[in-house]
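Pasting a structure below so you can have a look.
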Amino acid sequence: MDISLLANFIDPAILFFFFGVFAAAIRSNLEIPGSIAKFFSLYLLVAIGFKGGVALAGSGLDATALAGIGAAMFMALLVPAYSFLILRGRAQPFDAAAIAATYGSISAVTFIAAQQFLTRNDVDFGGHMTVAMVLMESPAIIMAVLLASYVRSSTALQLSPSVGAAAVTPRPVSLKAVLHEAFTDGAHLLLIGSLLIGYLTGEAGKEMMAPFTADIFKGILAFFLLEMGLLVARQLREARGMPPFLIGFALVMPSVNALIAIILASLLGMGAGDALLLAVLSASGSYIVVPAICRYAIPEASPGRYFTMSLGFTFPFNIIVGIPLYYFVIQALWS
Amino acid sequence: MKAMKRIEVILPEGEVDELIEALDATEISGYTLIPSVSGRGDRGRTLRALGHLDNSYLLVACESERMSAVVEAIRPFLKRFGGICLVSDAQWVLH
Amino acid sequence: MKAMKRIEVILPEGEVDELIEALDATEISGYTLIPSVSGRGDRGRTLRALGHLDNSYLLVACESERMSAVVEAIRPFLKRFGGICLVSDAQWVLH
Amino acid sequence: MDISLLANFIDPAILFFFFGVFAAAIRSNLEIPGSIAKFFSLYLLVAIGFKGGVALAGSGLDATALAGIGAAMFMALLVPAYSFLILRGRAQPFDAAAIAATYGSISAVTFIAAQQFLTRNDVDFGGHMTVAMVLMESPAIIMAVLLASYVRSSTALQLSPSVGAAAVTPRPVSLKAVLHEAFTDGAHLLLIGSLLIGYLTGEAGKEMMAPFTADIFKGILAFFLLEMGLLVARQLREARGMPPFLIGFALVMPSVNALIAIILASLLGMGAGDALLLAVLSASGSYIVVPAICRYAIPEASPGRYFTMSLGFTFPFNIIVGIPLYYFVIQALWS
Amino acid sequence: MKAMKRIEVILPEGEVDELIEALDATEISGYTLIPSVSGRGDRGRTLRALGHLDNSYLLVACESERMSAVVEAIRPFLKRFGGICLVSDAQWVLH
Amino acid sequence: MDISLLANFIDPAILFFFFGVFAAAIRSNLEIPGSIAKFFSLYLLVAIGFKGGVALAGSGLDATALAGIGAAMFMALLVPAYSFLILRGRAQPFDAAAIAATYGSISAVTFIAAQQFLTRNDVDFGGHMTVAMVLMESPAIIMAVLLASYVRSSTALQLSPSVGAAAVTPRPVSLKAVLHEAFTDGAHLLLIGSLLIGYLTGEAGKEMMAPFTADIFKGILAFFLLEMGLLVARQLREARGMPPFLIGFALVMPSVNALIAIILASLLGMGAGDALLLAVLSASGSYIVVPAICRYAIPEASPGRYFTMSLGFTFPFNIIVGIPLYYFVIQALWS
């Protein structure tokens, strides 16, 4: 493990992440223009979606693939369920619902970092795991909405005597509206679209797109992780009022989620590479798609909570400690 | 020049389209949109999420009579998603 | 603080340079420009042509005496290219 | 034809166009930041201009080249002339002038799509066609200004009794001012500049620039066409009030213009590749340069009309149906 | 609706963070920031240095009582780095 | 020399610079979006910093490297010192201090252009010169602050009878605050960070990053120089009120500074490539980092002066005339 952990730190992209954290920590005015950062996040989605699609076109949706995808969707339902139970008494109920959704969903950049880790260590993984990633978005969001309306109805019950309550509580959004919002969310849709286009064009398409989607990928990832480092350090500054329990949750639960995923992967006989990706998908929390949707679907929750937890704590934990740690466990179990 | 009301709204950029639809129902004659503004309010600082969670700034100049209809169209959005709405007086240069 | 007029203009971004030249002739002391705003008005929604056909937002703070000269410099542009111009009152913080 | 048509659809860049249309149609919030879209459009101009210049440096301006360029300039005068005659009675006169100019001019992205089509089908084409494209801009704009001032003078005549008219009609712009505007237009000038730089630096320059202007071209084109798809679908939503005659014009005239261009190319003995490019240049309408200039030169015309026609209808028609159709005709005639 | 003061400041974007810290001390309830605006003033046109030397536009809505504290927090920045500050009246739409 | 001078003009990137100047001169509306221009400037810093770091990892910090770095730091102190003495009587004292700092510091793009020139002419240079560039920033800025506080104290002395003076003179900034500002400046820090990351990851990192940081470098440089050309021509339009003495300074001092640097390099026995880079570092003036810091540290100075001098006059002088000229002198002395 020591070797791969070290290799992790010597990757220029990861080093740019640390550099970004450092720059923001010393209050540098270094800044990637917002439109560039947004474009890079779209680029990364296109690149991994496309790559996954091409790989899938090669392998097809066989039993291995279906097992991986099924395991991922199961985790996307399981993680928010027990997360909510854990959080319920210890956080505002709406915050609990939003945090549960955040951790049911995934971080594409953590997924990419794990793929890079596997590539560096010459471990194979399947294109179907990208499909799995795509499919984890919706169950998590459905859970969030169901949990939020459960919270809403129990809160309404308690508040019913008060007349003013109706005026304060926002009109709940329909599950259908939220699902539309989730499915049409730009980031989510772009990933699906790129996967499909990769699948349709296969090797021929790959060859045409490779200089853009593969060759310069590492460099753009490095720039993007620099921006992520800046973001993480700046977000942490906002974390002053954050309850310690939530910080603990953000730092401990990833390993718990990953462990459950690893056990599941082992039971299903998945390959080591796919197992790591499943672990990382389960361990990571969303900081783009789900916050965007929660702002709409659970406006009562405080974004400062769930966003800071997933971006400020869980993301760096997974990048620095999580990925090599989970892989260490997998190596121990698989060999 | 003609006396008008100058209404400015700041709200999450994902809700702008829907707000504009609501405003269209009040028959405003137009609006101007400044994208990607950031800020701080009751809900804390805007999150810096790779340009995905910014606010927008919307400016509507409307006749004084129409002002309260416009404000009523905006109010539910403020209630739901936060943000602010300021109303001030202005003279519209006719052309 | 000193009473001033706050003049805001929205017009096609291709015409901004020419408008500023016209304003310079009225001896304004400065202006501020916000690029790439969009909107809707009498001529419909701004076209989204790959960032090539946006509007700009121009803010000029000027002395009340100078206001009508500034407005007259702006008016032909509104006539020709559309857009709006709003005038309001403000206090200038001296420094 | 069936084969090439199918090949057209399997190009990832074209698929991203369809995906963009779909995403906007289901009202996704997917969006390429404006500054990125603008940069990509500049990039494409630099890349094709440069490539055309290098090719020209290789071949020189021989008789073939001059024939191709002459034919293009002829079409740039002919198309607006008969377009105006067709439209005169059926649209507002100023709209008719602006639409005529729009169709006399060209769409660089359609031209690029046609080049990609030819490359996929292993058909040669000359760098001088890029020169032809550059030179088609100005005649179309001159025609527009002349037509507009013709309209203006006849309208003024009719309105002369009314006193208020002078106050309403904007002061006409001089042809010189419009030509300056047209020539100095950023997009147009960048294309000319890149062509010249490609010509001056030739093969040596090509080698230095290739990773940027050639290798990643396809990927950037894919992103750009995604944005175009989003734009097209969003623009079509504005098309509600559009008179059916104008929609018909936007969908039928491209084929007419292309047919005339093909006949001309055949008479001049042009190669099949150059013939397709001439057809596509004649068939396409401008949605960047000419709208920018018409807003200045014919402010009386409604951009909602000419812009929506060329971007919302003609552009997708050419990309999806036009290019393979014109090539089918060319193959039939040339063999 | 509630009467408020609408304070707008234009200053070099490098000084914004420090200004906001100074404003926080006056206990404003929020602010909105429009990045990357350009302009001209006593110190000439803003330099176009590859996006590195732009101005920012800051909007603060505050209660009338708090206005003079806010203005006094802003004034040293104007003195030191230039820029302008305008104060006008507005109605805040309560929600 | 004639040959290399000509080769200089045939480089596409340099030609795009001329094209940019031309476009702005004829008042074209051509414009690179601000966020793209900013990103490209960050990209160039990353690319040269990283490249320098990798080269340094290969060669190590030997005597040659230390000599080059030492010479650069010496020039960074010497140039502002005598520049201030020259300017003192002939410009506003605060302007003199800011201009001195501007010329003590460096222009990264001029440095890149010189590297490209050397590469085209197959002349070697060391990665340590990038370290030298990084280290030239701080001494220049320290000099500026010291000079400014010297000016401030002498001005205060003269003004002391007047009561109002204290109110007008801004409170001086501490050297510590300025150094923090200088060190944490985004551009400066990114260069240091990339250098370090290049150094740490060495050849392995280079291979991963090369498609992004090396292959497409030329193309991005071309776009960037296009923007620089536009900026230069637009900045020159603001130069109307500029005193002729300052224009003369901006056009003559680069050669003086370069000559002193060349003599120093010759005395130290530096290689021809490193000598050119030292000359160019000494001859060029900053138009990003130092103006940003002077606006903060010497707000009494007029940016219109120092910024226009370094961007409008010195930058194009070095690109067009300076680089080949300095190299001509070096060739004469070295052979």
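List of remarks:
Lettered A, B, C, D, E and F in written order, each chain numbered from 1.
In this text, a contact is a pair of C-beta atoms (placed from the backbone, for glycine too) under 8 Å apart; a residue touches a chain by one contact, two chains touch by 3 or more.
Note that the structure is a prediction, hence the values are computed from the model and not measured.
Ranked by separation of Cα centres from subunit C, the top chain is A.
Chain centres computed from CA atoms place D at the largest separation from subunit E. Separating the CA-averaged centres of subunit B and subunit C is a span of 19 Å.
Averaging C-alpha coordinates per chain places the centre of subunit B 37 Å away from that of subunit D.
Between subunit D and subunit F the centroid-to-centroid distance comes to 42 Å (mean Cα coordinates, whole Å). Residue positions of subunit C with contacts to 2 or more other chains are 14, 34-36, 51, 79, 88-89. In subunit A, the residues that reach two or more other chains under the touch definition are 29, 33-36, 38, 187, 211, 215-216. Interface residues of subunit D facing subunit C in the complex, by the touch rule stated above, are 34-35, 37-38, 40-41, 170-171, 187, 227, 231, 234-235, 238, 287-288, 291-292, 295-296, 299, 302-304, 307, 311.
Residues 10, 34, 36-42, 55, 57, 71, 74-75, 78-79, 84-89 of subunit B touch subunit E in their complex. Note for the complex: subunit D touches subunit A at residues 10-12, 15-16, 19, 22-23, 26-36, 211, 215-216, 218-220, 222-223. Subunit C makes touch with subunit E in their complex at residues 1, 4, 6, 20, 29-35, 61, 88-93, 95. In the complex of the two chains, the subunit F residues touching subunit A come out as 33-36, 38-39, 42-43, 46, 50, 183-187, 189-190, 193, 196-198, 200-201, 204-205, 208-209, 211-213, 215-216.
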